[in-house]
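We call the chains A, B, C and D, going by the order they appear; numbering starts again at 1 in every chain.
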């Protein structure tokens, strides 16, 4: 299958079940809502070393938030409910409770809940006040700029992590330019984030290493400088490969995001230096969600 | 002492010895250098829950970096050398190694060293190559967009953390506006960062809590909503208090940053709703560095 | 009428018929589409001295643009078709034709047309090539980075300019903070722009002046520093007044934008220092469109 | 001469004498100072159709501005003192007088002066107040958010416009990426701006056209798509050419900026797809300032 001069591999991205939540951070203005979100969701590119994967889903206008102020919606993903709860409490405690003028709300509903204000309230040293409005409990915690308002809890969602595709291009500049367009297109899809720096990862890995202590190492088959010394996957004109990794709240969200990203790359096409699109998987045995590139682009 | 209508408390900020390092991240353009820095230095507001305090010190033009590309200088602070080394490796591994087109270099010198490329190199699975230029060792680690260049190690510095001052104002809006100016002024001082979200913290704390498990809790004496129910520090016209926390590579850097921040607030003065400037300390017994507001502003 | 502690004046904004168009600027990435838009739509706050009022309506994902690249939609408003055509040609010629990687397309349809590529093509010095796709004509003009693609013409729309409201607050800080929220809310409404710097104007004017050559001068009735020396409109607690001016493609767009902006201010309310909302008009004889605040907020 | 694989043409940029001024815009915070500057200095890429060339020179910390607030320094260039005065008044009147919380000051000194507050004061309708501090006159003009403070006049400088160089690259992506680095490097040099969108221009022109009414047209010798049909300057591997145009307050500033830009491109070098550096001139008879690439890079 060739789209606008780009070879589409007959392969699929293999993704995993994860636990996730959406929260809403508001503030007196959008700048400070984003300051809080950047502090809370930074250093969250990969669950293995960061504990969670997180990011801003989108900006919210005043009429889209619970308290009528500008805000952002953020998504957090982790491998277990326990780890998600731990990361959520720690990151909201360090990045939002601390941040001038902010409040925090649940951004999704579910039977099972994750604590939000429920634990953070103890910072109030007994002066915190609880309030129930329309069946939802909120905490007002006294702080130096007034009160930190935090909803009691947020929803726990069964979600999908690790959707991905690989962009093979004639130069790094062209690979990166195409990925920037894809990240932008994916950002318009609700329910997803691209957790790596700027939405893109260049250190693709394979399972295992010659060093026994390491569970993973560089994906030599996709490294252009190793073409002569390893069993390479790369044809001679490929000078750079980049990967986009996606986490989504549902299988449908992930499908929409994969489609938006892949189509953005194909639009740029061979004229923009794109040679081939591929995806990463583990033979299909580890992850229960499979996204076949050719079906998505059909 | 009154400056431009602002009462300057006769008190001091109490700061602590910390371990720190400066690193330089470069990339094909400034956007991607910042993407890496934001991923690596996010979620780093306070050593207690984040492991380190970190942030961008400043942007670098191509002629200020080791490889002639745009970049940023970043600072990391931790309580021990061991924790600093751990956080450095993890954060560079997750935020810079992963980020398209980046390289990482030492940003300071010292006898004692922290590993940088020294440990990250193993990701190369044996294909990494070492190179010594002008007495410094670098690692070239094959990745999908070419090579990740990482200097072997970076310097370890004895530094100062927890410099601070408190801004008491007539409204939250005015407190925040003044703090934005102060953060901007501090950002021009070399060798310092303001690690909290947007550089400002509103959840000032006191040691201890009525809940035994908690080591700290809200600083009720500075909470405007608790004026009637606690022994308050706040006069009636104070509606909001914000704090700026500073980490610096040296005592001189900290002094310069405190001065820049305090002067920016005083410039705004009573006309901009500023009532009083104060600072946080623990009676002087815990931290070896004391910054007296009135001396700094004399 | 009082909303959340804010007095809503029983008055209306008086707006005028204007000529307008929407164009779409695309580029290899969003940064460069915005660079072009900022160059083309800058210095366009008021028709009187700038010739037109212009701004970015919204950012566009690759799947929302004619050539599948990231882009922005921009709106231009002028008092006559002739002036609009002149400004359009000059601003696209200076800001988009010159800007690396960009293309320009019609963003609306109509019987009557404004020239776009039709005049700009002559820059090609005879090497320009015309192409008709699906009934629309495009010009390919050779430039140093490839070709500048410009659609032959864009639509001419009958639109509405000069919708407005006034925000009266206890401090400038609070007035500005509220207006930032309102501008953000209005930005989510399709078909409108807020042409003044950052979307807000502080130099409200009245018709006439003591200096004969000047057609307008400061609106002294709304100047806080003139309360003692002129017939003031301001009660004692009002320390600052700001105005938001809106241009919209239709009466319905303007109504939606006025509503979004007014509601954002009311949400902030008296707690955020907002005292009163008013609007500017000329007794209703000059402009054919009237937007009554109380009806919009009813 | 070859630098890092890049051929340096044995040619020079030909630049012209222009009139210029520097002004300082301050505001309650940096965001609003930039909002004003973007409104005032937008649509100012080329003197021919915009009246002037203008841009932000750099951001200023509170301790670098006359009123101790955050600000920006901006530069304006025009062909005559009369046109410069006209553009200055109009652009400050539309972009700064209108913008919440701003003030405007002279940013340079000289015997000859350009009016700043001197003419804008009449907006005050007689309520403006003059004040002389340390020998400099300021105007306080009542507006709705308080007072607009404008210094009486600013300096008039003899300056240099139209410094330039051409970047020839293997792909548009690489040309653009290199130019972004050069613009960033030039931005660190005091006294200069790069007036085109994002600092870069792709529509290089030659004098004259086959259409008699047009004084200039596309520089066909540097258009890659015209290689087969015109007398081309481009070798086969060049796929894109971009130009950086620089205006500077002095010959020394221009020299420093040319050097910073050219060196940034050379650093990227052949490995980043750069083939050749050239410059535009008119045989040396029109402009009195000549910048020889090889001397600058020697």
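Here, a residue touches a chain if its C-beta (ideal position, glycine included) is under 8 Å from a C-beta of that chain, and two chains touch if they have at least 3 such contacts.
Which chain is which protein? Per UniProt: A, B, C, D = Formylmethanofuran--tetrahydromethanopterin formyltransferase.
Here the structure is a predicted model, which is why all the values come from computation and not from measurement.
Farthest chain from chain A, judged by C-alpha centroids: D.
Comparing the contact residues of chain A and chain D by number shows a mostly shared set, over half of all numbers used being common to the two copies. To find the repeat of B-C among A-B, A-D or A-C, check which pair has over half of the same contact pairs by residue number; it is A-D.
Spacing of chain C relative to chain D, judged by their CA centroids, is 26 angstrom. The distance from the centre of chain A to the centre of chain D, each centre being the mean of the chain's C-alpha atoms, comes to 39 Å.
Here the CA centre of chain B is 34 Å from the CA centre of chain D. Residue numbers of chain A whose C-beta contacts span two or more other chains: 28, 31, 173, 177, 272. Across the complex, chain A meets chain D through its residues 31, 170-171, 173-174, 177, 272-273. The part of chain D that touches chain B in the complex is made up of residues 28-30, 61-63, 67-70, 177, 180-181, 184-185, 187-188, 260, 263-264, 267-268, 272.
Against chain D, in their complex, chain C makes its touches with residues 28, 31-32, 35-36, 38-46, 49-50, 90-91, 93-101, 122-127, 141-148, 166, 172-173, 175-176, 179, 196-198, 200-205, 209-211, 214, 217-220, 222-226, 229-230, 239-243.
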